[in-house]
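This report concerns only the one structure given below.
Note that the chains are named A, B, C, D and E in the order they appear, and that numbering of residues resets to 1 at the start of each chain.
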Amino acid sequence: MSKTVSAAARSGSQTLAGPSGRKPRRMLSSRNIIVYGTLFVAAVYYVLPLYVMVVTSLKGMPEIRLGNIFSPPVEITFEPWVKAWAQACTGLNCDGLSRGFWNSVRITIPSTIISIAVASVNGYALANWRFKGADVFFTILIVGAFIPYQVMIYPIVIVLRELGIYGTLTGLVIVHTIFGMPILTLLFRNYFAGLPEELFKAARIDGAGFWAIYFKIMLPMALPIFVVAMILQITGIWNDFLFGVVFTRPEYYPMTVQLNNIVNSVQGVKEYNVNMAATILTGAVPLIVYFVSGRLFVRGIAAGAVKG
Amino acid sequence: MTDNNSVSIKDLSLNFGSVNVLQTLNLDIKDGEFLVLLGSSGCGKSTLLNCIAGLLDISEGQIFIKGKNVTWEEPKDRGIGMVFQSYALYPQMSVEKNLSFGLKVAKVPQAEIDKRVARAAEILQIQPLLKRKPAELSGGQRQRVAIGRALVRDVDVFLFDEPLSNLDAKLRSELRVEIKRLHQSLKNTMIYVTHDQIEAMTLADRIAIMKSGIIQQLDDPTTIYNAPRNLFVAGFIGSPSMNFLRGELVEVGGKPAFVLNGVTFPLDGYGAGESLTPGRKVVLGVRPEHIKVNEGTIDIYEATVDIEEPMGADNLLWLKLAGQTISVRINGSRRFRPGTPVKLGFDMSLASLFDAGTELRI
Amino acid sequence: MTDNNSVSIKDLSLNFGSVNVLQTLNLDIKDGEFLVLLGSSGCGKSTLLNCIAGLLDISEGQIFIKGKNVTWEEPKDRGIGMVFQSYALYPQMSVEKNLSFGLKVAKVPQAEIDKRVARAAEILQIQPLLKRKPAELSGGQRQRVAIGRALVRDVDVFLFDEPLSNLDAKLRSELRVEIKRLHQSLKNTMIYVTHDQIEAMTLADRIAIMKSGIIQQLDDPTTIYNAPRNLFVAGFIGSPSMNFLRGELVEVGGKPAFVLNGVTFPLDGYGAGESLTPGRKVVLGVRPEHIKVNEGTIDIYEATVDIEEPMGADNLLWLKLAGQTISVRINGSRRFRPGTPVKLGFDMSLASLFDAGTELRI
Amino acid sequence: MTGPARAGRPNQYFRNLPAKIASVPMILTAVVIFLGGTIWTVVYSFTNSKLLPRLSFVGLDQYERLWSAPRWLMSIQNLAIYGVFSLVFSLVIGFVLAVMMDQKIRFENTFRTIFLYPFALSFIVTGLVWQWILNPEFGIQSVVRALGWTSFTFDPLYTPSIVIYGILIAALWQGTGLVMCLMLAGLRGIDEDIWKAARVDGIPVWKTYVFVIIPMMRGVFVTTLVIIASGIVRVYDLIVAQTSGGPGISSEVPAKYVYDYMFHAQNLGQGFAASTMMLITVAIIIVPWAYLEFGGGRKRA
Amino acid sequence: TDLEVTHWWTSGGEAAAVAELAKAFDATGNKWVDGAIAGSGGTARPIMISRITGGDPMGATQFNHGRQAEELVQAGLMRDLTDVATAENWKEIVRPSSLLDSCTIDGKIYCAPVNIHSWQWLWLSNAAFKTAGVDVPKNWDEFVAAAPALEKAGIVPLAVGGQPWQASGAFDVLMLAIGGKDTFLKVFGDKDEAAAAGPEIAKVFKAADDARRMSKGTNVQDWNQATNMVITGKAGGQIMGDWAQGEFQIAGKKAGEDYTCLPGLGVTEVIATGGDAFYFPLLKDEEKSKAQAVLASTLLNPATQVAFNLKKGSLPVRGDVDLNTANDCMKKGLDILAKGEVVQWTDQLLSADSQKQKEDLFSEFFANPSMTPEDAQKRFVDIIASAD
């Protein structure tokens, strides 16, 4: 006791004897310069294209022809946006991206939901209910992730034709489910394998069956990985062009088909401002999803991908 | 089933691929008995418990619970409840939901569910916690809820897999008492896995000590402590460990004695089960608390204090005796500085003697 | 620096944002001393250790090591070595590389590195393991390598952050002895964080008991055990806990006594530091091993056995006394069935008395 | 035993039936689509199928032709270059950015969003934007020239020898954000004590990263590798959007060869032969790894 | 009845032309549902084929007539148009008759040709030559000679878009123009290796080498962007089919005044009769099948032919229509057609596979200056040798 007190008494004089308190930190330490410098340079590289897209989409064609692509618009015009959304032509149809937007929504929502539902059940079955041969199928699935999509078009056309669902929305949803399956199953499997196994055992003792455990125990705990899966699928499906156009009929063509048409069917000079506006409009949905749930994405990735 | 066995395990074997984890294991647990499975990490305790619970498919053998062959039953149909080391509470459900989940799944009427939950909550004194989520509970409270989950299921057999090892020492000793009390009031059969011998000693009616998937000794705690069947059990039980002295049997004055590095220890009072043939290589095991220091009793051996470990109530001395290090437990108030020479007395009636080859008790 | 202090901490404060974890903490550790920081989880032990090591920037105050102000020094320049609870071995390197990596980076000549690694390996008896990877080691071996990593650095002060708490009980007690022996042979200053009181009691020259970032008592183990400064320390140290009886002081026949639910306990032999005014609300603390059962001594109180916990060498009884539950530790060979009425004797010279308001020792 | 007769072991196939039923979609996909489709492809690669698949076998003709086609050889070479560089740069840039992000920096969320957003855009968009920025007439080159350096030349997409690097710039822009995220997650998973131990040992930060942290992040690297590698093998849209394989055939890749010969040239046999070669390459790399990672032994009870 | 019609006509002139077809069809009381897929035949064809083979066919679809749909017909997926053809007497009216031959398989007619596209045009920008201070050339050789002057004025002499089919097509045009009709047919029609290796072709490769040199700096992908360079005077000229004319028209340029067209590069005035045709997948729906017949006959209706081809810049498939509204260039084409100076085009002579190999060769050749004409010719011979 007394020792502590005397030490405290002495401390007054010793504070002068040398450094005391928090170690001083310079704002412009070389470490900070390197870190923020690198990040800033990288950020420029990443932001530049978006900047160019936005700036260009707000310029008129004459200005684009004269000025350089990085200069801000002298005269802001929303004409290109209107044109991209509602007027741009492909063939005879001059209603821009708007016709594709709802199709994209109609494709993306069920495809995302069903592919995630299927993959999460797969991942759950693989992680918790390992049965003979499951790993073999899973390995095939993972190898399948490397097959170029184009190679699979023919076999899938045949399969869908035989099932009689070629050209329907159902067929397209199935295709998206199939191609989303490898990576999503991997994510879910790793995530569920990372949850304490005792939880699963406890639920079995409580008498819950396969589905009860899935819905009541696993699902509520899988939010982070669902966010990741959702982002990946929304992005992938929304941006898909090939499947949307190969496996459906025109009334279901997604927005990317219109985008492709606008971008690739040039009427004389390429209307870059319209192209850029169309591009941003098409990318808007996945971008918004990202901006809103980016934080969850990193968390979920950490949970589902790290244990490889 | 014959007898009043609650759980019977017949010739149980289990292998993961080519690894035999359990080998033709037999075990009968009486109704209302508190059986502790004790063993070091990886010896197959959890595996055995999971087999009983039906969470692992066994390779060979049969399992009976309450006389019914449940070898291939689903876990829920075996009449067991299980408590896990990590509690395994469903994190997104309130305590109440955690307790009632199993009953809901089994479609028990709501009134009955409420009754049972209320009863379990009362027994475990967790009524005020019913609305909370597991994350809002302390370790001890979580443990109680986990027990409650087994309790509401009204089962014949409780299985505990190291239920206390995630808790700190203080809480552990408190909950130990609670589990003991619970057993006294419920009188269910309980099978309890642990690698903490204090838990095993205090809780068990009988202890099964396991090593590499084989039960080494199955007996009540006192017998296990005082008459361990082999060297492994002897060394495993007791902290600090029993002192082992490796030497030889001799005959001194017609009486058997033990000799080590020229020091002779008469074995008067040792109740041997076999003849103590001179020349036989043996291991003498003496527990630290069965050695007297400077108390002027019969056999006097010279030793020096090497290290002293005061532990409050007790004081642990590490001594050099005949070139070997032995530990001795004395009262906490008696202190010795390292280097001090002391005189020891051995109580051979409480010692153990093992064959050096077979390692079995003589 | 004055004195022969190895580590001196002056008015140390640390806050994470607005949370004050350590508050104007002062601590002097003598050269060669083994100081244990003991406290429950989250009380700031690791934080304090990290401050000493230079791994956390302190908010206020100064730290001296070997008389040198190291407040702003890098960890490597402080002459400290540290051992972590999770071992923190570099998993991809062999044991040898783990030991030598720091020296290599510091550009120590190869011959010197080899010498130091060899010496550390010898001290810790890990020569046969030098070529293995950490994953191929058992828990105890890993712990030794972690200590080795501090050892090769030839430092003045060793810092241990719960180095044994990931190990099982048996290994823990073995390694405890090894650390103690290491300290006796190296004679370095060691600061050791734990929340296991057995470790603290057996290892420490002095123990600092912490609670919420404040040192509650700093004393040698015996003093802490026998004369805890306040209720917190008294309850924290000792397992099972000291029994606390909340009652009032009275005077019986001119002598001070303690009364609880009508039962009077004379306080003869208690060495009070203050006057024992009758009517004062106090807490009487008695350790389980300081209560005698059926031994026919002076004060006789009636009680009933509630639960019995045989623990091998000892037997723990939970008794009902004056409406309260108390625990008593008796010899392992003495057994009582629950329900048995017994007579108790208290040794008041070993008891503690605390003010019910300030919770300080009287 | 006097107890009831030994209960029979129930049929293995019906144990945990719901799990098996629930796995049917996965099994079907794996077997019918991926395995079946692959076998189908391999079989038809030995035929001279044109517009429609038909079983008229021509032995190894398609393969002989494939390996004598300059465009295929160029595609393979490009894929190798693109693959190596994009692997190396993705990992390096992703890791470096993750390290920077892990320095308890300010505006972490902002930076992360910036690095990650390109991943939300399709390759078509990515290709289009970068094609534009790299266009010598109004992209970076013209801007720099306008600033005075009139001899400045930067037109990777129009110079056959470096066109693949132009594509790389866009590919990295699109993909490194995800790699950074994965790496960041990995870094955050490293035990804090390792860092402390290294500091006490006096190991400089960069050495700690190189010798301690990176070796510890094996799992993350493997996952990342799978993701990047599967993207590399399949690269198609980006090339089409940026260069259509040009100038000439200098940025052709195997996936495009497959597509062009299947659909433009209406020579399915040739396309299938090319895809079979791709599959074989992938299988040689992936199967042993996948076996080790997922097949070999059950790791948990 | 609604009929979905797929095609890849999405550029300005093309779209306007399609509108004419749609208008004519809608006038019959049916409805043209437009299914345009941008990005040239390469993108669109697999989609069309997948839909036909996948069992979800459209009502009608554009193909280049020639061999692209052969197998679909053989697989029985296409509707036989013989009934319509006989009723409307296509055998008589379609001119040149080779067009209908391309639609005929086993004596049955499976497609309705809608236009004749000839590749053999050199489009020149009068303004560019004025800037360079040289006269507008009258043939290929003069054009080559004028190239240095154009380059000096910062003008790309010959615009060749980056897409492979453009380089390949330009070569074929050079082949017909410089090698002559006979050589052309020997090589592509008879697949004569010896001819392909011969000196005539070496001369063609020499010319291609010139073209390659002159095309340096084009830096655009699409053909219409290349055309636009000519329109705006950034390039001197472009070898491109008659469809380029549509772009000039849309830009409000006048033939002869603002631009000059040289059929057969001003060397050999022959026109190849490639072109577009509509195919009609076999539909189960009786109504639709009837509508298909109506569409087929509408496509060849004289009025439609005129309206369509004027917009498209191509030539009508029947000789009996009045095209006095046609401009200079089209008239030149019609004259040649009338003289019977026609050959079949490579689409009809070669399989898509050989075409693709040829495209690979020439897109590499045009992009890679280090590839000598001799090397290129060797590879060309290989392709011809294995062509079918």
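The rule we apply is simple: a contact is a pair of C-beta atoms (placed from the backbone, for glycine too) under 8 Å apart; a residue touches a chain by one contact, two chains touch by 3 or more.
These numbers come from a predicted model, not from an experiment.
*Asks:* If you walk from chain to touching chain, how few steps can bring you from chain C to chain E?
*Replies:* 2
*Asks:* What is the chain whose Cα centre is as far as it gets from that of chain C?
*Replies:* For chain C, the chain whose C-alpha mean is farthest off is E.
*Asks:* Looking at every pair of chains, which two share the most C-beta contact pairs?
*Replies:* Chains A-D share more contact pairs than any other pair.
*Asks:* Distance between chain A and chain D based on Cα centroids, please, to the nearest Å.
*Replies:* Distance between chain centres, rounded to whole Å: 16 Å.
*Asks:* How big is the gap, in whole Å, between where the Cα atoms of chain C centre and where those of chain D centre?
*Replies:* 55
*Asks:* Round to the nearest whole Å and give the separation of the Cα centres of chain B and chain E.
*Replies:* Distance between chain centres, rounded to whole Å: 90 Å.
*Asks:* Averaging over Cα atoms per chain, report the distance between chain A and chain C in Å.
*Replies:* Taking the mean C-alpha position of each chain, the two centres sit 51 Å apart.
*Asks:* Could you check chain B for residues that touch two or more other chains and list them?
*Replies:* Residues 50 of chain B each touch two or more of the other chains.
*Asks:* If a residue has to touch 2 or more other chains to count, which residues of chain D qualify?
*Replies:* In chain D, the residues touching two or more other chains are 15, 259, 262, 298, 301.
*Asks:* Which positions in chain A touch two or more other chains at once?
*Replies:* 153, 209, 260, 263
*Asks:* For chain C, which residues are in contact with chain A within the complex?
*Replies:* Within the complex, chain C contacts chain A at residues 2, 8, 10-11, 24, 26-28, 57-62, 69, 71-72, 215, 218, 229.
*Asks:* Where on chain C is chain B touching in the complex?
*Replies:* 40-41, 168-170, 173, 176-177, 180-181, 184, 195-198, 201-203, 221-222, 225, 237-241, 287-289, 307, 309-313, 316, 318, 329, 332, 338
*Asks:* Which residues of chain D touch chain E in their complex?
*Replies:* By the definition above, chain D touches chain E via 50-52, 65, 69-71, 135-137, 155, 158, 160, 243-250, 259-267, 270.
*Asks:* Quick one: in the complex, what on chain E touches chain A?
*Replies:* 4, 6-7, 9-12, 15, 18-19, 22, 32-39, 43, 46-47, 50-51, 53-56, 58, 222, 224-225, 228, 231, 247, 250-251
*Asks:* Please output the residues of chain A touching chain C within their complex, sorted ascending.
*Replies:* Residues 1, 3-4, 7-8, 10-11, 14-15, 17-23 of chain A touch chain C in their complex.
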